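Heads up, the next two complexes both have chain A, just with different partners, chain B and then chain C.
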Partner chain A sequence: MKRITISPPVAAVLLAIILFALSGLLPNGFGSNMLVARAQAVNILRLSVFLGVIAAGQTLVIISGSEGIDLSAGAVVTLTAIVTYVLVNGNDGRVLPALFAAILVGAAIGLVNGTGISFLKISPLVMTLGMSGVVTGMILIVQHGNVSGAVSPIMTKVIARPLIFGIPGAIIIWVFFAGLMWLLMERTAFGKNLFAIGTNRVTARLSGVNVTAMVLATYALAGALSGLGGFLAVGNTGVVFINIGNPFLFPSIAAVAVGGTLLSGGKGSYWGTMAGAIVLTLLTSLLTTMQMPDSVRSMVLGATLLILISIYGRQQALRQ
Partner chain B sequence: MALSLSARNVVKRYGGVTALSNANLDVNAGEVVALIGANGSGKSTLSKIINGVVVLDGGQLLLDGQFMEFSSPQAAKNLGISTVFQELSLIPQMTVAENIWLAREPLKRGGVIDRKMIREKSDALLNLFAGTYKSSLHPDVTVTSLPPDEKQIVEILKAVSFDPRLLILDEATASLDSRQVERLFELVKRWKQEGKAIVFVSHRMEEIFRIADRYSVLKNGVTVGTGAMKDVNTKDIVSLMVGEESAENAVERKKAVAQNLSGSSVELDVNELRTDFLKGLTFQLHKGELLGIGGLKGQGQRDLLLALFGDLKYTGSINFSGELVHFKNTRQAMNKGVALVPGERAKEGLLFIRSILENLLLPSWGEYGFPTRMRKARESANRIGSTLNLKMAGLDEPVTGLSGGNAQKVVIGKWLLRNPRLLLLDDPTKGVDVGTKAEFYRLLARLCADGLSVLFYSSDDEELLGLCDRVLVMHDGNIRQELFGETLTKSNLVAASLGASRESMQ
Partner chain C sequence: MNKHQWQTFTLHNPYLFSLLLLVIITLVNLFVQPDMFHRDTINNNMRVFLPLILLAAGEAVVILGGGIDISVGSIVSIVNVILATQVGLQGNPQKMYLMMGFVLLVGMAAGAINGFFVAYMRLQPIITTYATSFLYAGLALFILPNPGGGIPQSFSSFYRDTTPLGLPLAFFIIALILLAWGFVQQTRYGRYLSAVGGKADAAYETAVPVSAIQFSTYVAAGLMAALSGIAVTMLVSSGNSTTGDQLTLSSITAVVIGGTTLSGGVGGVAGAMIGAVILGLIKNIISFANIDTWWQTFVNAAIIVVALAAPGVINLFRRKR
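Up next, the complex of A and B:
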């Protein structure tokens, strides 16, 4: 007898489609108007991009195992958004340098995370939580809560507006980005070794994998991806505020889990995380449309996460 | 009360897999019955049915002539059936005494644990193996700080503390050194005389012949032979286990590796190698040589192999292929052509939830370019798989589905893929069935003939005697003796393992 099992990423995509269809049935939903439906779908996807990119780094550290997690992602997004905002200052010519700066700042913070975890043997949870506090403090000191700067027209055009065939640039960037993530995770020695250290670090080490270097690289890369996330986020909103990054933190972890990546490490995919990001974004916007208060939204998001994870856990138990 | 237990026509299925299709076992008070079979033949399943861990799907279990159905391991224990598990059932963070008396601590009036009583009873148990401990094993040390052999002893003592009528020893000697095995056998003889029944599950033929009165051989879930040990020899048993065709090779392994090293160069020259535990080792390994490392467990063999592989800090000089090397990590060692098959297959050798492909290619991904040429990687994996006769459903299957012998082939295969110059083996045939062992011996012979140098630690003396022309016997972080030619005999090996000098043996 063959059991039909649905892999978590597929389950998440199905859930997203069902949720989207249901949203159409709401009093103010798109109903049978396909043009509106398409516009709404595109908008949801566009909004998912920012969470999706930030959750990419989270995916990597969670796969790296040993209780890997990056709780500094939210603070790094805020900091790099500010860096971008200040450096660009409305000038198209400074967009690329600002992008590099954002990625570099993120990578540097990630490298410090990795150093603490590898050499000082601080648990990832504590290390990145502490780092989150440090970065938040730095933001407050440097900017005193006031930031002067601006995004540039080209950023708005490429990230927030439709680029080709009415598809927003952010989505095109995301598709390209996803291809790179797949290459990184499935078609490089780094990716293969990442899954290895997430599964069993002793085996990895005794098979010639430099585990320390891998951990450093993974956290630095995660920081860099948060930096990219910060750049994209500010390009989307057009303004920067002190709380721009933090709302992404919990969903970035949740998206990874919803996408079926094992929280204990060693197994997962970025494609699952993308599906998770879409589900969470969709759910949030659905609840907003239904005019649910913040409290209900976070309860529903939390409950969804718990339900999905328990279903995945059960599937796995059945297969063994 | 004298016990007689009999399992008749037992059937057990796990999902679609039939683990046992017709298994039989009789054991009576005052006898030792060896349960023998290759890996995956169902002997663990059968012992789990007897001790109530697993419920049978067909057949029957008779205890003292009564039809029995154990609802839980506890029910079996209450009837006097106790097991020493192959995978230890100890809680690492608890002390030896806490582990032994877990959930049935002797209590004082008022429900307070009687520490004095626990201490006394534990001391009495630990005394059974007195004199074989390397560390100062006492009831209050935490289990996690013990070496593997002493953990195994605690596991044995825990089972014995129930004062069982039937004791199942499932590969209980696998991680014990020869002195500890010796002691265990003395105890088994004593328990036998006291009227206990013992089921002895082991891969070690020599031990089976020494200790068992009767045998029961399982092959693919079917009991293919039972009888008295005195009526059979090793070859008979092996024939039953693996079928006729490959029985010959399994026992006739003596000098499988023909060594003519007179003209060969020195591949590895180790001088005054010291670690926290090793006390200055000096030896040479020739090109194409299979050099054995013997001695009791935990005498520094593991440290030696890890130091050579760059995973342990050391002082002293190592000259490898005519070049002075000092590996700071495993990657450096690997890139120079050193390979290590570690002692704990599951914890150190394999990535359990990942595929066979990823396990085989783990050290080599860097050589397949960017983006990784998957087709080429799969070709390499398939090639090494067929070289090693690896039985698998496919490269993408998780490595969890493989039997012990096949899993070990994956660990060896990942290194052979890289054509190493020096292969370090840490007890590679532990928990591997006889058929796979024979294949493995032939493989070693072939590799050495091709010029690979091998440093081979084995906890099985027979293996060292049969395969190696030269054996370094380690004791307490030193090379106690180098045995070769006429001095390489069983009694010398055992004597040197125990730290006895050659003079005292004469």
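Up next, the complex of A and C:
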């Protein structure tokens, strides 16, 4: 008998559509007003972009296996958001240098993570956790809790406002970005090697993959993507605050898991992560719209996550 | 010592680096806080460290069994708010004892939920306990939306001032847990635990009840989290739904500094307790060394990273030779 299987990204997208449709039935939902529905859908997509970009780095790190995870992502987002904010300082001409700086800072921190993990054999979880403390500490030292700067008009225009046909620039950037991620993961040697080291590091090494270089590159790239996430996040909010990045940390891992990427590595896709980011953002905004108290919201989120991963996050049984 | 002997030696003595680190950190602490070994100071320190020590001991069991539990902090919060709301500042001792028994059950039940999903539903531990941490944190916030409540004065002063035989109360609790752990290690269960953490499928093929063992580690962690919650409540003698939040990641760090590998199978409870003491002493050093407030987070994290890196650096040099 053939079992009906449904791939996790598709399941997540279906779930998102169902959730969204149900949200219309709420007392303060969009009801039958299609214009409002469209606006809401676009807005939720736009909010998903930031989580989606930050979770991209997380996806790469998790696919690389050996308990790969990046707990420094939140701190890196905060740091790079501050870097962007201070460097741009309201000046359109300095947006591009600031973008490069944000990506470079993120990559540097990722490289330190990778060094500790591959050369000093520190487990990724604690290494990145430690780095997140170090980065948070650096932010406090340099900024003493207050920053002066501003985003520039062009950032707000491109990231936060509708660009073409009422579609916000952030979504267009995301689509473009997703294409690049697909190319990177499916059409390059880096991508092939990434899945190879995620499946089995020993066989990968024996087949001529430079595992150390791959791990370094993966963590550096993940840091760079968090840097990009920080740049986009501050472009969206327009102001920077010390807690801008942390709320993204665990959702970025959850988005990867909901998207069907194995947390043990070697299997997954960025499409899944995108779908996961949309589902999580939708869920959060839905619970906010329903005006639930924080406590109930937290419980519902936890329970939903548990149900979601119960459906397709199950690992193989020991008995084969 | 050749490479192989060295590997065997470090494998048989997973506490080696953490003990070394403990000595170094203690010496530094002695330098900035000369009265460190005074009886009152030890008691002061140990009662502040105890909650994390207990939590790390529970976390160590889970990690030893090849899992991870990032919901333990939220279990601490639940226990804290239950005690603070149900007993109250004016509550009578009987009620406190009753509720202490009750929260132990709550902790084990929370652990059992984690264990059920991880061991029997075969979900990935980190994401499962992340999800349940939301459940538990939400429940804690539901029970006590605003910080408040409390426990009878007599219990907090008991926790603060009890020094049987002139030694801090914490020493006796730690000794009890180490004894219990020593006993567990002698039993078949202890060997099963290392086997499951080391290689679950090999353990399965040698007829080890893998799922039951995994399940039990989460229940043990829940129980230890409840004990930790009781200790925290007696320490701060008030309720706050975010009490345990920052304890989760510290407990994992303590376990790793204590020589337990996150991939499971190697390490133990004693190392995790040493790790928790080390983390506490680092905080101590920072507050006594007159470090600028803005630098404290950074120095704390940097010391931890260096401590984590030390064994790796030593091994790196040994491999080069």
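FYI, the second predicted complex is superposed on the first by the 312 of 320 C-alpha atoms of A that agree within 3 Å, B and C clash if a C-alpha of one lies under 4 Å from a C-alpha of the other, contacts with A are read in each partner's own complex, and residues count from 1 in each chain.
Following the convention adopted for this analysis, contacts are C-beta pairs under 8 Å (C-beta built on N, C-alpha and C of every residue); 3 or more make two chains touch, one makes a residue touch a chain.
Computed from a prediction, not measured in an experiment: that's the story for all the values here.
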{"item": "Fit or clash between chain C and chain B when superposed on chain A", "value": "fit"}
{"item": "Which superposed partner A:I164 touches (first chain B, second chain C, both, neither)", "value": "neither"}
{"item": "After the two structures are overlaid on chain A, angle v-u-w for chain B, chain A, chain C in degrees (C-alpha centres, nearest 10)", "value": "70"}
{"item": "Chain B or chain C, by number of chain A residues touched", "value": "C"}
{"item": "Which of chain B and chain C A:L35 touches, first, second, both or neither", "value": "neither"}
{"item": "Touching partner for A:R205 - first (chain B), second (chain C), both, neither", "value": "first"}
{"item": "Touched partner set for A:K267, first chain B, second chain C, both or neither", "value": "first"}
{"item": "Partner chain in contact with A:V296 - chain B first, chain C second, else both or neither", "value": "second"}
{"item": "Which superposed partner A:V134 touches (first chain B, second chain C, both, neither)", "value": "second"}
{"item": "Overlay on shared chain A, then closest C-alpha pair between chain B and chain C (Å)", "value": "5"}
{"item": "Contact residues common to both interfaces of chain A (with chain B and with chain C)", "value": "262"}
{"item": "In the complex, chain A residues that touch chain C", "value": "67, 69, 116, 119-123, 125-127, 129-134, 136-138, 140-141, 144-145, 250, 253-254, 257, 262-264, 293-303, 305-306, 309-310, 313-319"}
{"item": "Partner chain A, residues of chain C touching it in the complex", "value": "68, 117, 121-124, 126-128, 130-142, 145, 200-201, 204, 210, 249, 252-253, 256, 261-263, 294-302, 304-305, 308-309, 312-313, 315-316"}
{"item": "Complex interface listing, chain A residues touching chain B", "value": "1, 183, 186-189, 192-193, 195-196, 199-200, 202-210, 262, 266-267"}
{"item": "Chain A-facing residues of chain B, complex", "value": "16, 309, 311, 329-331, 333-335, 340, 342, 347-354, 358, 361-363, 365-366, 368, 370-372, 374, 414"}
